Amino acid sequence: MIAKTEASGGTGLLSEVLTFTSSLPLDRQLLREDLVGSLAHLTMLTRQKIVPEADALAIRGELLATWDAAAEGRLQLPEEEDVHMAVEAQLTAVLGERAGLLHTARSRNDQVALDLRLRARAVCAEVLAELGRLLETLAARAEAERDLLLPAYTHRQRAQAITGGYLFSGYGAMILRDVEAFRFALATADVLPLGVGAIAGTSLPIDREVTRRLLAFARLSHNGLDTVGDRDFALDLGYAVTRCLLHLGRVATDFVDFSSQEFGFVRLGGEIACGSSMMPQKRNPDLFELIRAKSASAVGNLTHLMVLTKGLPSGYNRDLQDDRRPLLELGPLCLDSLRALQMGLAHVEFDRERCLAGLRIGYTQATDLAEALAERGVPFRTAYQAVGALVRRCQEEGRVLSAAPAEMAQAIHPLLNEELLKAATPEGSVTRKRNLGGTNPDEVTRQVAALRRGAEEARSAAVAVPSLGTLFNNLRVAPLR
Amino acid sequence: MIAKTEASGGTGLLSEVLTFTSSLPLDRQLLREDLVGSLAHLTMLTRQKIVPEADALAIRGELLATWDAAAEGRLQLPEEEDVHMAVEAQLTAVLGERAGLLHTARSRNDQVALDLRLRARAVCAEVLAELGRLLETLAARAEAERDLLLPAYTHRQRAQAITGGYLFSGYGAMILRDVEAFRFALATADVLPLGVGAIAGTSLPIDREVTRRLLAFARLSHNGLDTVGDRDFALDLGYAVTRCLLHLGRVATDFVDFSSQEFGFVRLGGEIACGSSMMPQKRNPDLFELIRAKSASAVGNLTHLMVLTKGLPSGYNRDLQDDRRPLLELGPLCLDSLRALQMGLAHVEFDRERCLAGLRIGYTQATDLAEALAERGVPFRTAYQAVGALVRRCQEEGRVLSAAPAEMAQAIHPLLNEELLKAATPEGSVTRKRNLGGTNPDEVTRQVAALRRGAEEARSAAVAVPSLGTLFNNLRVAPLR
Amino acid sequence: MIAKTEASGGTGLLSEVLTFTSSLPLDRQLLREDLVGSLAHLTMLTRQKIVPEADALAIRGELLATWDAAAEGRLQLPEEEDVHMAVEAQLTAVLGERAGLLHTARSRNDQVALDLRLRARAVCAEVLAELGRLLETLAARAEAERDLLLPAYTHRQRAQAITGGYLFSGYGAMILRDVEAFRFALATADVLPLGVGAIAGTSLPIDREVTRRLLAFARLSHNGLDTVGDRDFALDLGYAVTRCLLHLGRVATDFVDFSSQEFGFVRLGGEIACGSSMMPQKRNPDLFELIRAKSASAVGNLTHLMVLTKGLPSGYNRDLQDDRRPLLELGPLCLDSLRALQMGLAHVEFDRERCLAGLRIGYTQATDLAEALAERGVPFRTAYQAVGALVRRCQEEGRVLSAAPAEMAQAIHPLLNEELLKAATPEGSVTRKRNLGGTNPDEVTRQVAALRRGAEEARSAAVAVPSLGTLFNNLRVAPLR
Amino acid sequence: MIAKTEASGGTGLLSEVLTFTSSLPLDRQLLREDLVGSLAHLTMLTRQKIVPEADALAIRGELLATWDAAAEGRLQLPEEEDVHMAVEAQLTAVLGERAGLLHTARSRNDQVALDLRLRARAVCAEVLAELGRLLETLAARAEAERDLLLPAYTHRQRAQAITGGYLFSGYGAMILRDVEAFRFALATADVLPLGVGAIAGTSLPIDREVTRRLLAFARLSHNGLDTVGDRDFALDLGYAVTRCLLHLGRVATDFVDFSSQEFGFVRLGGEIACGSSMMPQKRNPDLFELIRAKSASAVGNLTHLMVLTKGLPSGYNRDLQDDRRPLLELGPLCLDSLRALQMGLAHVEFDRERCLAGLRIGYTQATDLAEALAERGVPFRTAYQAVGALVRRCQEEGRVLSAAPAEMAQAIHPLLNEELLKAATPEGSVTRKRNLGGTNPDEVTRQVAALRRGAEEARSAAVAVPSLGTLFNNLRVAPLR
């Protein structure tokens, strides 16, 4: 049963109300963030002479002990309405009244904002590290498949020849943008809220700059009225996760399709192919289907967070507490999906023959032919119509385009000669697209280098954020004066 | 570590893949549904002579034992990729190969659809029962507050006088529509999916009609291709919950406002008023804020479910497994909020003076005056303009409307005489609106009776759904031939 | 420039404010609804002796003239803040002060609710009629393709053999549920809001029952406080449209895939196949892609409507005006998509050979074989493992399942004899699934009959709603006493 | 009737299909973007010797003429399936076959991406400029209201005293974050897609770097497969707009409440107060209600865009065309709301007496008193309890806190002396919160300076984006070799 304190509403409060309003089942996940935040706050209060050093040492000892107990799995947190009150109750049980010194110049409003920002910041850093790994994976795979020829699709119809290198480089382009989105989310989270109290600041002589440095935040929040009611960092994280999972979902759809018998472009390794409880012949791409599914979860969580803040008045409203479930879910959702995709890609093998077959049959070189005419001065629309007519003739006669007789072609347009027709091969098509962003292997090599630079940037951004453990270890021994 | 079975993909499958794809952490909540579904399936198979009676008795014994073990909290479900395989593994451990008989003519695709529908149907029934209780609560409160006078608001500006009876009847009107929405969701859920196998049915001589009766479903699903990929019952439940929570959120907003010092219309009892960790003077309406917040969670869950099915091909896709979290969350989300609102309403007390004061000052009788003129033949727009002029004069002179001197009024319009002005009281205003849907106390009494009828209908719909326990008790002893 | 009236806020109001707040650009689409509503209200007021008959005749004449002017495309509606004030201004310009009689006992709050409900009701009826047509189309196509054999898919992998009849029956099952959802939405919309005034009713002796009959609504709204702030009818319509478009989107995904070169199951007729501006060889399924896309628009509109009402206090809030765009978009969005799908289906032709080829190669009869063993008493899991082993052997040897040598099969399980293996054909597979919901052609015939009954119900529900034109024609000559 | 071209699908295409698939009704709004993009492409083609200069001059002349005709409102765009084909048809009508040269090395896939990015970039710039103006407005208002005392709210209960300066600075903090979000969206949009053709690039010797400079894009897109299917720039814009409108909605909720009779904190000027059609006494805050409503529209549009891309395979899919409506709506939605808010704020006047009254009665100085005790060494929880007891005593006796007799206070805690009690005034409370982010007037002055810096940054980011008109004027005379 949840304890009734003056902060929660007093002894008359119904237990059922506390059960409904309590966030402890979720925010006990934030215990470590709460302890680190309290250690930093305590250090600052002590340095500012607001809390006597002797008391501070006692409180710090108990905070450290709580961390250690949790790390060793032997912590029994008291049943309170949230993790902040639970820690306070824990301290009070040991230290008595002077435990109350820790809450000086602090409200749960700025305290919870701190815990959530520490978490959001850490998730951004972890995801950035994982995005870096994924970019490396894609770069390596792009190199490994640089000679693989396969069709690219528009409208799920074969369009033009590309290489495996180009395919993976294209996936990498989405991930490069994800790096940007998570850096944006990180910057929003990297702001210290502590020190604005319940809403308007505090009259005690705190120094927020000290706390900021102790917790390695980039900036201080601007204004308390805003700070306690602000969940933009949660929204930004939710948005970055959503956009990223929409990207992963598109890659996943490709591989669900590619692994179908109809496409047959890839074979799923036994490490990842799933079975059926009724149909013994199945090799199912469940892994990719579930990656695709995760985008729905992300959109749902983002929508939850957006709707939550809609129409609230300024300042703190208890509604905001309901940010916990989606916010805490975002990190694992994104990280697990990123890892699952890498796991999946590591165990798909392309069937080079099936991939190439699609290009031989599919008239995917038609545009190249039209462009070759255009290069010889024919207005593109005219060239387009001529090649279109040739394609239709070939289709009627069941021929592939490169096997069109020169006389048939030249009857349609005099410049459609044998040399042009012969050059209409997948290999030629891919090689001739030399411009930036095109399929030429050297250009793809350039693109791959850009993916690697992105990976490096992602890693740099990630390691610039100190982990909770690092912060804790610093605060454990931070000077108190 | 999750067991690797042929159904999950074979022994080569990576553990990390199973961890990512497993639904067991969530769908172990569906154990009871799974057992009841298996008992019904087994009974049907046995009656159809597909499974020998002796084997059936053994399997049934083990299913019953599993239920009992779970009920007594001593069940250790094997780690498998989902609850269905876990139960199968449990049976196999005891019964060996013949446990496999239970999976005859069944696929996880129709099995999971059954479990989810049993859950969705039960949630609909529980919510209907709770809506019935809420309607009774609102009806009783409407009667209790029938003489309370307060302003109704448009644009959050005082508009016209109403009674407390009318306010609670208005809330009840939303809940009446919720009853309809949950009855609709119930009808969608109340369809037996079992018997369509993986996608196309089964060649074994099952009789779905027998299973339907055993599980008390209203109808059989139409076609397997549709059945295994259909989550409309989840969407319908998600929508009904969302619409309901949007309603509760509006009521909650009223009470957040009403309990502010500015409105002062209600006083929160100590049973529900929450405190602050920093500001000792606070009596906060956290309960109502959190009820309002729950609508965000509902919209998020519904969006999750909608996005999940978007663009999927027909048939079963593993994406659908990701329906678990939102679907399982919907029931508690809605039920807890409904109960919280009833708890909240039970502990708010209206301040009759403060409520009435708003009407005395607020010129809320202006429309009545205009309507009185209209009743005497003045075109409404003309009447409206005349009363508008009178209101402005009163505002300039700091008078309330009923204290306007007759000569001032008659200078504006000759029919604005003393009798009319005197009748412009809140009590008169409320009494004179006699039409259906209006504020007259007798009409409100009629409305309250309609709420009570709605409550009765909700209860009837709820009790018509047998509980899982009832189904289990029937199946425990159901004849096997 | 929008006129400044007392109702809009007076002459001091900034033009820019009116431009921002005006709904006229959108709600001029509701002119016909507004006129019909006004005619009914006027008729009631006159019968109740609230408006003199001579005035009523004059006002009615002008309302009729406005309708006719609009029908002939020569109406110049005055620039007012909304369609209601525009019509009022139009009447006043002709009739002077007595035009104001029409606004007696009515507020824009109940007036706009009426217009929107008339529109929502009509959309429901139109969609129901279109769903009826689609069900007939699907039923006819199911009959036409009853002998077509093709694979059904789970996880986008070939699963089991079905017929074209079963495929279209499966699509029909989704549409049957859409009929239910639109009937639910229709019932919500079919409630007269008029007569509750701004929020609390009116003191004038109106008779809402008269208006209800004139406008053929099924019921009266319960309470004014609720009525003016209620947009559940818009939400219900939005939800029904969304669920329906999610269904159409899944059908569309099938046909995008089926028309790819990889599947090759269907050929798009020249009536619907779209081209490319750069690639002359393309025959793109744009029509199906855009049908799939429409589900996004629907989810967006529904979300818009849900978020709009989130957290609003009770009563009317101007926020609600912003329901116009999504609400007005829902009808065309759904109707156009339904028609587009029918158009698309009319011009796809199945390639029977390609469809069948997938079954020959794909081991889709494995389950049948396992079930045949199960029928002979082998526990299903054992049978499943035996057939799984056989499939793997066949795959290694590049054989199709029905060509497995009996000795190889019997070495795996003695009951896997030649007779069983020979029966493992797509035709046999389809025929043997005789249960309700299965693929047997007679069972599909039964399913098709159910689609036809659903079509009939949809049509009946549609025609039970009188069109706006019918209501207008009745009101044009309705007795005024 | 829409023209049937080879690009649209050929002459057999049904008109109804073209009506359903055409985007012209919406994308004719993108005519100017399309012309500017074509001018840049033409210039590059000519410089690269792909198009002869004489032809280029003829085509440019016609493109310029089309722009001018549109500017003068006399353009009749041909009915084609989209704006790109309409412009091409227009050119062909005048120039014949050589008009087709313009389409060389370009596909509609990269062309439409260019038009949309030009639009998204311009919207970002316009919004940034408007955010700069809003920040200036808020800064100025913060200065003007620096002495106004009013309560800040948590849980919609009076919490602590703040100044008007602090309130507006708090609003500004949200807008500062919006500047960051729009700069992020701008960076995503500021990437040239042109040159990747349909999906894989082009074999013609184009130079994308030339086009990039002509259109002043910051970067080139990385890879064609990604580029043609990428709508992240639309999502990022949608997200930035949504977050911004959620912010504006919270400000709007404050002013809806503040202008109620219950709060009475502000008076709406006649320039913005709206009336009622039925209740002549009303002064409604419709402007603020509609600003709040716009967040729903934004969430709807963002959701639309997210769902649209969900689950699509890589490359271009026609689904993406359905991005038009939400994307085109985002700009006006955001700009109009930002302007409406500035308009609204310009015409609200604070009632200083009513604002202050809330502080006198509300015990909002309790925390200050507890902090004063804490400053004297009392553990905060102890101080909190003591002041809580004092507040309850004052409430029982109907006293305000600063009027508590010293003996009563000291009986509760000996340090609660007269000096402390006297200092518990709103003015003292506000002044004593000197820390960064607090309410002290000098600190607020510092915050206001930060708003002004943000305004300057927003303006700089805005002016760095050349307008479409500027680009056009440069391209009109750009050298062709």
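Order of writing sets the labels: A, B, C and D. Residues in every chain begin at 1.
In this section, contacts are C-beta pairs under 8 Å (C-beta built on N, C-alpha and C of every residue); 3 or more make two chains touch, one makes a residue touch a chain.
Computed from a predicted model, the values in this text were never measured in an experiment.
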item	value
Chain pair, B-D or A-D, that carries the greater number of C-beta contacts	A-D
Chain C-chain D separation of Cα centroids, rounded to whole Å	33
Euclidean distance of C-alpha centroids - chain B vs chain D, Å	35
CA centroid of chain A to CA centroid of chain D, Å	24
Two or more partner chains touched - positions in chain B	6, 103, 109, 154-156, 159-160, 197-198, 257, 274, 276, 278-280, 284, 286, 289, 292, 295-296, 299, 303, 306-307, 310-312, 317-318, 367, 384-385, 388
Pairwise touch network: line, ring, star, complete, or other	complete
Contact set on chain A toward chain D in their complex	6, 50, 52, 88, 92, 97-105, 109, 152-156, 159-162, 166-167, 169-174, 176-177, 180-181, 184, 187-188, 195-209, 220-230, 232, 235-236, 239, 242-243, 246, 249-251, 253-254, 257, 292, 295-296, 299, 302-303, 306-307, 309-318, 367-368, 371-372, 374-375, 377, 379-382, 384-385, 388, 429-430, 432-440, 443, 447, 450
Contacting residues of chain D [partner chain C, same complex]	5-10, 12-14, 16-17, 20-21, 84-85, 103, 106-109, 197-198, 269-280, 284, 286-287, 289-290, 292-297, 299-301, 303-308, 310, 317-322, 325-326, 336, 339-340, 343, 347
Chain A residues within the chain C interface of the complex	153-160, 256-257, 259-264, 274, 276-286, 289, 303, 306-307, 310-312, 358, 361-364, 366-367, 370, 384-385, 387-388, 391, 401
